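Take this structure first; my questions come after.
Which chain is which? They are A, B, C, D and E, in the order written, and residues in each are numbered from 1.
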Amino acid sequence: ADMKKSVGTGEGQVNIVAWPGYIERGQTDKNYDWVTGFEQETGCKVQVKTASTSDEMVALMNEGGFDLVTASGDASLRIIMGDRVQPINTDLIPSWDTIDERLKESPWHTVDGVHYGVPYQWGANVLMYNTETFKDQPPTSWRVVFEEMELPDGTSNVGRVQAFDGAIYIADAALYLKFHQPELGIDDPYALNPEQYKAVLDLLREQRKLVGRYWHDAFVQIDDFTNEGVIASSAWPFQANILKAQGEPVATVIPKEGATGWADTTMMHSEAANPNCAYKWMEHSLNPKLQGDLASWFGSVPVVLEACKDNELLGENGCETNGLQNFERISFWRTPVSSCSDPAGCVPYYRWVTDYIAILGGR
Amino acid sequence: MPETTRQVSPSREASSPVAVSLAGVSRHFDAVKAVDKVDLTVHEGEFFGMLGPSGSGKTTCLRLVAGFEQPTAGNIIIFGERVDGVPPYRRSVNTVFQDYALFPHMNVVDNVAYGLMIRGVGKKERRRQAEEMLELVRLSEFVHREPGQLSGGQRQRVALARALINRPKVLLLDEPLGALDLKLREQMQVELKSLQRELGITFVFVTHDQGEALSMSDRVAVFNEGRVVQVGSPVDIYERPETRFVADFVGSSNILEPAFCERIGAPSGLWSLRPEKIRLVPEGLTDEADTITVTGEVRHVQYQGATRRCVLAVKGAELALAVPAVGVEPVVGRMAHARWHLDDMHGMKHV
Amino acid sequence: MNTRDASLTLFRGGVLGRLSDLFYRRPAILLALLLGPPLLWIGVVYVGSLLALLVQSFYSIDEFSGRIVREFTFKTYLELLRPSNLDIVLRTVLMAATVTVASAMIAFPIAYYAARYARGWVKGLFFIAVMLPLWSSYLVRVYAWKLILANEGVLNWGVSKVGLSPLVEALLSLPVIGGPSLTFSYIGTFLVFLYLWLPFMILPIQAALERVPVSMLDASGDLGARPGQTFRKIIFPLALPGIVAGSIFTFSLTLGDYIAPQIVGSSRLFIGQAVYVHQGTAGNLPMAAAFSMVPIVVMAIYLWIAKRMGAFNAL
Amino acid sequence: MRFNRSGAPRRLKLAAIAGLLFLHLPLVLIFLYAFTTEEKSYQFPPPGYTLKWFSVAWERQDIWDAFMLSLKIACIATGAAIVLGTLAAAAVARTRFFGREALSLLIILPIALPGVVTGIALRSAFDIASIPFSFWTIVLGHATFCVVVVYNNAVARLRRTSPSLLEASLDLGANSFQTFRHVLLPNLATALLAGGMLAFALSFDEVIVTTFTAGQQETLPIWMLSELVRPRQRPVTNVVAVFVVIITFLPILMAYYFTRGSETIAGQGK
Amino acid sequence: MPETTRQVSPSREASSPVAVSLAGVSRHFDAVKAVDKVDLTVHEGEFFGMLGPSGSGKTTCLRLVAGFEQPTAGNIIIFGERVDGVPPYRRSVNTVFQDYALFPHMNVVDNVAYGLMIRGVGKKERRRQAEEMLELVRLSEFVHREPGQLSGGQRQRVALARALINRPKVLLLDEPLGALDLKLREQMQVELKSLQRELGITFVFVTHDQGEALSMSDRVAVFNEGRVVQVGSPVDIYERPETRFVADFVGSSNILEPAFCERIGAPSGLWSLRPEKIRLVPEGLTDEADTITVTGEVRHVQYQGATRRCVLAVKGAELALAVPAVGVEPVVGRMAHARWHLDDMHGMKHV
C-alpha cells in the first residue's frame, strides 16, 4: 500500500494485536488506563487482541482483520517481508522527534531507510530468582538455568528453573556460549553458523533436564514461582513487579553474559481498515504520560525519554530501575535469517522453531 | 378358489355387495415376496378371518388395504373404487393395530376423539361422540385414564373405539388379541364378535391362532408364503382342507399318505383325518360297514381336560386321536384298536 | 362428516393435504426434504471443511515470511515424519490409550452400580453426579487440578499432613512419568485427562449394562459360575460395546486437547498443542493440517472398529 | 460379590463411591475458592472466607457481555441443532435408504473427531471462502457438534416409538403434517427438550472450537480462559464457574427427568 | 394338602425320595407377599407343574429354589440338604429361563458348553459334550449360529441343552413355552415331556396356561396370591377342584351356586361342573336316574373344530357346554335341554 499522505477523521475504531499488559484500560487497576481518554478524544474505539508469542502475532497479522500490532524485533522483519505491514509516514506523527535516538533507525523496523512502525517500549529478558534460595549470594550468571548446580541453600536446581517457551530463546543460550565458549566465535546470537548452532542446541538439550516446564505466559510463570517452587528463570520485569507486589521473595538481575531483550514497534497492517484511527493511536502511543505509565505497569523502558520525568506511577528512578542504562548490554530480538556474514551461512528461524519444539519434547 | 368351498359354504358371496377386493395383488420387498398374487373378495358385513403362520403375509395384506403399503402389482378395490395412490387418511377403512398404538400423550377420551379432532369436529361434540363410543365398548369409567394405566383388554377396547368413531366401512384388525392372556382372549373373542354383529361393519381379522380364526369368522382365508391357499367357511377349512398345508396348520389333522392307506386297506389317495373322528374300540369288536380299523401301540397319552390326546403307532405312521373322557382307556405301551368312518376321510390335492 | 356415502374420504384438501398426498405417492421427495438440510450442513459444510483441511496439508509455508505457498507438495508430510513430530504422535496416542484404559477401570464400578443397583432417587443422584462435572466449566476444572497438584497445592498439603510425602516424591522420581512437580509431569497430565473424560466413559458403559437382562447374570450363576467368572465371561463382554463407545470420546478428546496439557504438563507437546501451535502461534496452517490428519486417521480406524463391535448403539 | 441381589457387594459400592468422589472433590475446591479472601494466588487452605466476590462479579460488565454472548450463541446453535438433528433422526429412523449407515456415521463425526480438528477445519474453510469471523461463524461451529446430541436423543426416542403410532394417525384421517403436529411432535418433545438442554450446555461450555471460529468475540469460556491465564481477581472466575454449575444444573435435571426410563442415557458427548 | 387328592392320585409320594421340599417358605418384598407360607414336596423323577395367574408367586417360588432369592421365612431342602445361604452356583439345580437368557455374545455351542467351561472342562471335551446335548434336543445343524439367528423354539431348546449339560438333579423351567406360538408350543410340549422321561430328571415347570399344566404334569400345584391353593394330579385339579378359584381358573368350569341348585332341583351346595359333562338332549327325552335336566335359551354357539362351545341361559345363570360335533345341534335364540349326571358335580369349599 502507498504511504498515507494525511490523517483524516477517525473511522470509529481501531483493532490492535498487542502483548498482554500493553494496552490497559483500567480493568485491573484503575490507575493504569491509557485507552479511555484516547477513545473519548478521537472517537476511535480500541479493540485489543492479545498474543503471547511473536509467532502468534505473525500468524494473526497474516490472517488479517487488524490495524496495528505491537511487534517485537523477532517478528517485525517477518511481517515486513511478508508485506503485511505498510510504510509509516513519520510526518504524520508529530511526536516522532521525541523518540529516543537509539531506536529511531533500528533495523527491526527500518528497511532501506523506510520506517515500518513507531517504537513503543523496550526491555530486557532478565534473570529472575528467588531471594530466599540465593540468600546473600545472588546469581551473577545465567549458569544457574543452564547447568546443574547446587544452590546457595544447599538444594539442587534440577526441576526448579525455567526457560522461555519460544524458539527465540535459542539466542539466550547462544549469548551464554558467546561468553563461556569464545572459541566458537559467536558474535551475534541471532546469526549462528551450523557449528555454533549445534553447540547451542547441545546446551539446550542439557538444559531440558533441569527445566520442569518452560514458561509460555507471564502469568503462568507467576504461578509457577508462587506455587511450584521455581527459583530462577529468564523473565520480564513485568512478572518480577507483580511478584514483588504480592510479597514474593524475588529479584532480577542482568547477569554478566548480558541479556536478550525486546524492542517493540507499533506497526500498521498493509490492509488496515481504520488507517486514520491507526495513525491517531500511533501518535497517542508516544505520549509521555502513556509511555511512563506503561513502563511502570510493564516494567519496561519508555522510548520517549521525557516520560522518565515526573511520572507519578513510574516514580523518580523508574526508568533506571527498569534498565534504561542497560541498553548496550542487550541483544535485541531479531529474526534469524540464513544470509549472514559467516561464509557457511546461518541457520534460519524456521529451523529454530522446529528444533526448539524437538528439544522441549526431549529430542 | 376351489369349487368345493363355494358349493358347500352358504356364503354371502352371491348376494352381498363386495366391500374389499384384491385382484392379483403382490407386494414384494426386493427378493421377499411378502404378498404374492393374492385374489380375495370380502363382502359387506362379513367377519373375514386371515389365518396363517408367522411371516405368511397376513399383516402385509392388511397394510395394503389400509394404505400403509402400496402394491407392487395388482389392484385393490374398496367399495368399488380403486385405491392406488390414495393415502391411508383418505380411505374409509380403519385399523386396530396389534400393539393398539394408542397415543401415549393423550388420555382415553382424547385418543378415541382423535379422528374427529382431525376432521375439525368441535371439542364438545367430539367428546360426546367419544364417550358414546366408549360406552359401546363398556369403558365409560376409564374416560380420563392414560393409556399406560389400562390393562391389555381395556387398551384393546380403546383401540377399537378409536377406530370405530370414524364410522369406517371396513375395520381391519391385526391380531388384536395376540397380546392378551388366554382367559381375557376368550372373553374378547365373544365381545368382538357380538360388536361386529351389532354394528354390521365388515371386519377383516388377522390371526395366527387357528381356534380363534375358526370360532370367529364367517369365512377364513388361509395364507402361506405370501399366497392364499384356501378360502372358505370355518367348517370347510377345518373338515375339508384342500392341501396338506391347511390340514396340518388348521388343527392337527392326521395326514394319510397313499402308501399308508394301502397298508391299512383304505382307499388310495392323500387324505386328512381329524383326531376326534377316530374312536378307540375294544378288542375284537365286530367290523362295521364303511369303516377302517387299525391296531397300534399307544405312544403317548396326554390329559387335556375334556379329552385325552393319544398317539398310536400304526404300521410306520403315527395317528393322533382325541379320546373322550369316557370309553376305552388307552394305556401307554399297550396295543389299542382305532376305528373311523370312510366319510370322515377328506381327500386333498397333492401339492 | 358424511363418510358413509363415499368409500374414499376426499374431504379437506389444502396445500398441506396435497403436499402430504405427494409425499405418500413419492416418499423419495419427503426423504430428500428431511435429509437435505442436515446433509447440507454436516455432509457439505463440515466434510467440505475437512477436505479443505486435507488440501491445506499438501501446501507448504514460506519459511521466512510465514505465508502459505499454495502449491501441491509432500513437504509438509515429510516434515511431519521427523522424529520430534513422531514423538508427539506417539506420546499422545500412548496417553490417550492409558487414559482410556484407566477411565474404563474407574468408570466400570460406577456404571455398574448405577445400572444394576441404583433405584429411584439414588439412580437420579448418580445421573446428576456424573453429568454435573461434565457440564461444569471445563476450564475451571482443569485449573482446579492445577491447584490440587501444585507443589504448594491441596494434594501435597494433604499428603504432608498424613505423612505420605515420600510416596509422592518416589512417584515423581520415576523416570519419564516423573518430574519436579505433579503439575509438571505426565502423571499430572494423565490425572487431568482422566478426570475430564471420565463421565464420557461412565455414561455409555451404564447404557450398555442397562441393556443386559438380569436373567443373563442369573443364568450364569445358575450354570455354576462364581461372581468373578460371571463378570469375566458375561458382564464384561456384554459391556464391551459401551466401553468402546466411551473410549471414542476419551481417545478423541485426549488426541485433540491443547489446553489441559498446556496448563498441567511438562512442556512436551501433544497433538492438540502441536496443531494449535502450528496454526495459531506459528501460523503454519499446512503443518497444522497435516498434524490434524493424525487424529482423523486414528479416529477413523477407531470408529470403524467401534461400528463393527456395535458400539454405536451404546453411544 | 454376593449372589443375593438385594444389595450391592461392598467392594463395588466402595469403588463406585470412590469414583464419584474423584469426580466431585475438585468441584468442591472450585466452590471453596469462590469464597476465599485471598485473590492473588490460590493458597490452600484459604486464609479466610468472604462473599465479596459475588458482588464484584455481579458488577463486572465484561462478565455480563461474555455471558450474554454465550447465551445467544448457545440458544441459536441449539435451535439449529434441534431442527437438523430432528430431520436427520426422522430420516434415519423412519426410512431405509442407501447410505443410511453412512449418515449415522457422518453425524457423529463432529463429536468423534477432536474439537481442535473441527475448529481448524472450519477455520480454514472460512478462510478459503473468505467468510470473516463473526458471531455467526461461532454459531456454525457450535451447531455442527450440537446436532449429534439432539440426533442421538431423537433417534433413541423414535426407536422406542412404535411406528404404528404414526400409521394409526394416518389411519384416523390425519395427513402427514397433522400427524407430525399431533402425534410425532408431542411424542418427541421431551427427547428434543433433553437433547436441546444438553446441546445448550455443550455450546455454553465450548472453548476449543470457539477459539478457532471466533474473531474478536469473547464468549464466557474464552473470558474464563483469559481470566485464568491472566487473572485480575482470581476468585471472580470461581464465582462465575459456580454460577455456571448452578445454571447448568437445571437443564441436566430436566434432561434427566424427560428421558427417565428411556434406554438412552441423555447427554452424550462433547 | 387335601385328603381326597392323596387317595385318588396314584402318585409317587410314598415311594420316591423327595427332590425338593419347601416348608413354610415365604418371600415378602416389603408389603408384597410374593410367596406366602408355602409347603410343597416335589419327588424325584416327577414332572411337577406350577400353575397360577400372573403375579401369583410362581416365578418367585422357582427363584427361591434356584437360589436367586432367599426366603424371608421357612426352609428349602434339596435332596436332603438345607440350602439357606447356598448360592445358585453351588446348587445342583438348573433353570430354563422364561426369556431363555442365552448369552448373545456366544454362539449356540458355546452357550451350551458354558457350564462346562466354568468347571474347567477342556475345550475339546466340552465341545463334544455340548454337541451331544444339542443332538439330544435336535439342534445339531445350528451349532455355529448366534442366538439372534434362531427362532423361538430353537432358542428354547438351546436353553434346555445349556441347563441340562450340567446334569442337574432338578430342572426348573419358568414358562419356557410362553413366548412360542400355538403350533410350536404343542410340539415342544411333547418334546419336553419325552425328554424328561428319557433323562429321568425332576422337572419343575411354571406356567399360567391351564392346558399346558394339565397335559404335561404328573402333579400340579395351583398358586393364588402367593399361596398354594391345591396340589394334585391333573385329573384331581381338573375334575375335583377344591375351591371356586381353582374351578374357575383351571378350565372354564360351571359353578353352581346353592341358590341356583335349589332353583333347578339339584342337591344344595357349591358345585363345579365341567362343560363337557353336560349333554344336550332332545325335547321330551325321558328322565334318567341321578341326572339333572334343565332348559334354557341358547345364547352363543362357537365353532371350535372338534366341539362347539355353547352358552345356555338357565334360570338366572349361564351354563357353558362343550357340544360334540355329532348329536343335537344348538341354534342361537332357540330353547335347548341340557342334562348331566349328579356324579359329575363336584363339591367345593366355600372360600
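Definition applied: a residue touches a chain if its C-beta (ideal position, glycine included) is under 8 Å from a C-beta of that chain, and two chains touch if they have at least 3 such contacts.
Chain-to-protein mapping (UniProt): B, E = Polyamine ABC transporter ATP-binding protein; C, D = Spermidine/putrescine ABC transporter permease.
Being a predicted model, the structure only gives us computed values, none of them experimental.
Enquirer: How short can a chain-to-chain path be from subunit A to subunit B, counted in steps between touching chains?
Expert: The fewest steps needed to get from subunit A to subunit B is 2.
Enquirer: Give me the step distance from subunit A to subunit E, shortest route via touching chains only.
Expert: 2
Enquirer: How many degrees of rotation map subunit B onto its copy subunit E on CA atoms, rounded to the nearest 5?
Expert: 175
Enquirer: Just curious, how far off is subunit D from subunit C if you go by their C-alpha centres, in Å?
Expert: Averaging C-alpha atoms per chain gives centres 14 Å apart.
Enquirer: Nearest whole angstrom, what separates the Cα centre of subunit B from the Cα centre of subunit E?
Expert: That pair's centroid distance is 27 Å.
Enquirer: Taking each chain's centre as its mean C-alpha position, how far apart are subunit C and subunit E in Å?
Expert: 53
Enquirer: When the C-alpha atoms of subunit A and subunit C are each averaged to a single point, how far apart are the two points in Å?
Expert: Roughly 39 Å, centre to centre.
Enquirer: So which bits of subunit D are touching at least two other chains?
Expert: 2-3, 5, 42, 173, 175, 178
Enquirer: For subunit E, write out the residues touching at least two other chains, lowest number first.
Expert: Subunit E, residues with two or more chain partners: 67-68, 87-89.
Enquirer: Would you please write down the residue numbers of subunit C that are in contact with two or more other chains?
Expert: Those would be 9, 12, 20-21, 24, 147, 152-153, 221, 279.
Enquirer: Can you check the complex and tell me which residues of subunit C touch subunit B?
Expert: Those in contact with subunit B are residues 1, 3-4, 6-12, 20-21, 24-25.
Enquirer: Report the residues of subunit C in contact with subunit E in the complex, numbered from low to high.
Expert: Residue positions touching the partner: 213, 215-216, 218-226, 229, 233-234, 237-238.
Enquirer: Along subunit E, where are the residues that touch subunit C in the complex?
Expert: Contact set of subunit E toward subunit C: 63, 66-68, 87-89, 93-95, 97-99, 101, 103-105, 114-115, 117-119, 162-163, 166.
Enquirer: Which residues of subunit D touch subunit B in their complex?
Expert: Residue positions touching the partner: 162, 164-165, 167-175, 178, 182-183, 186-187.
Enquirer: In the complex of these two chains, what residues of subunit B are touching subunit E?
Expert: So the residues of subunit B in touch with subunit E come to 53-54, 181-182, 186, 189-190, 208-211, 214-215, 234-235, 238, 249-252, 274-276, 300, 302-307, 309, 322, 325.
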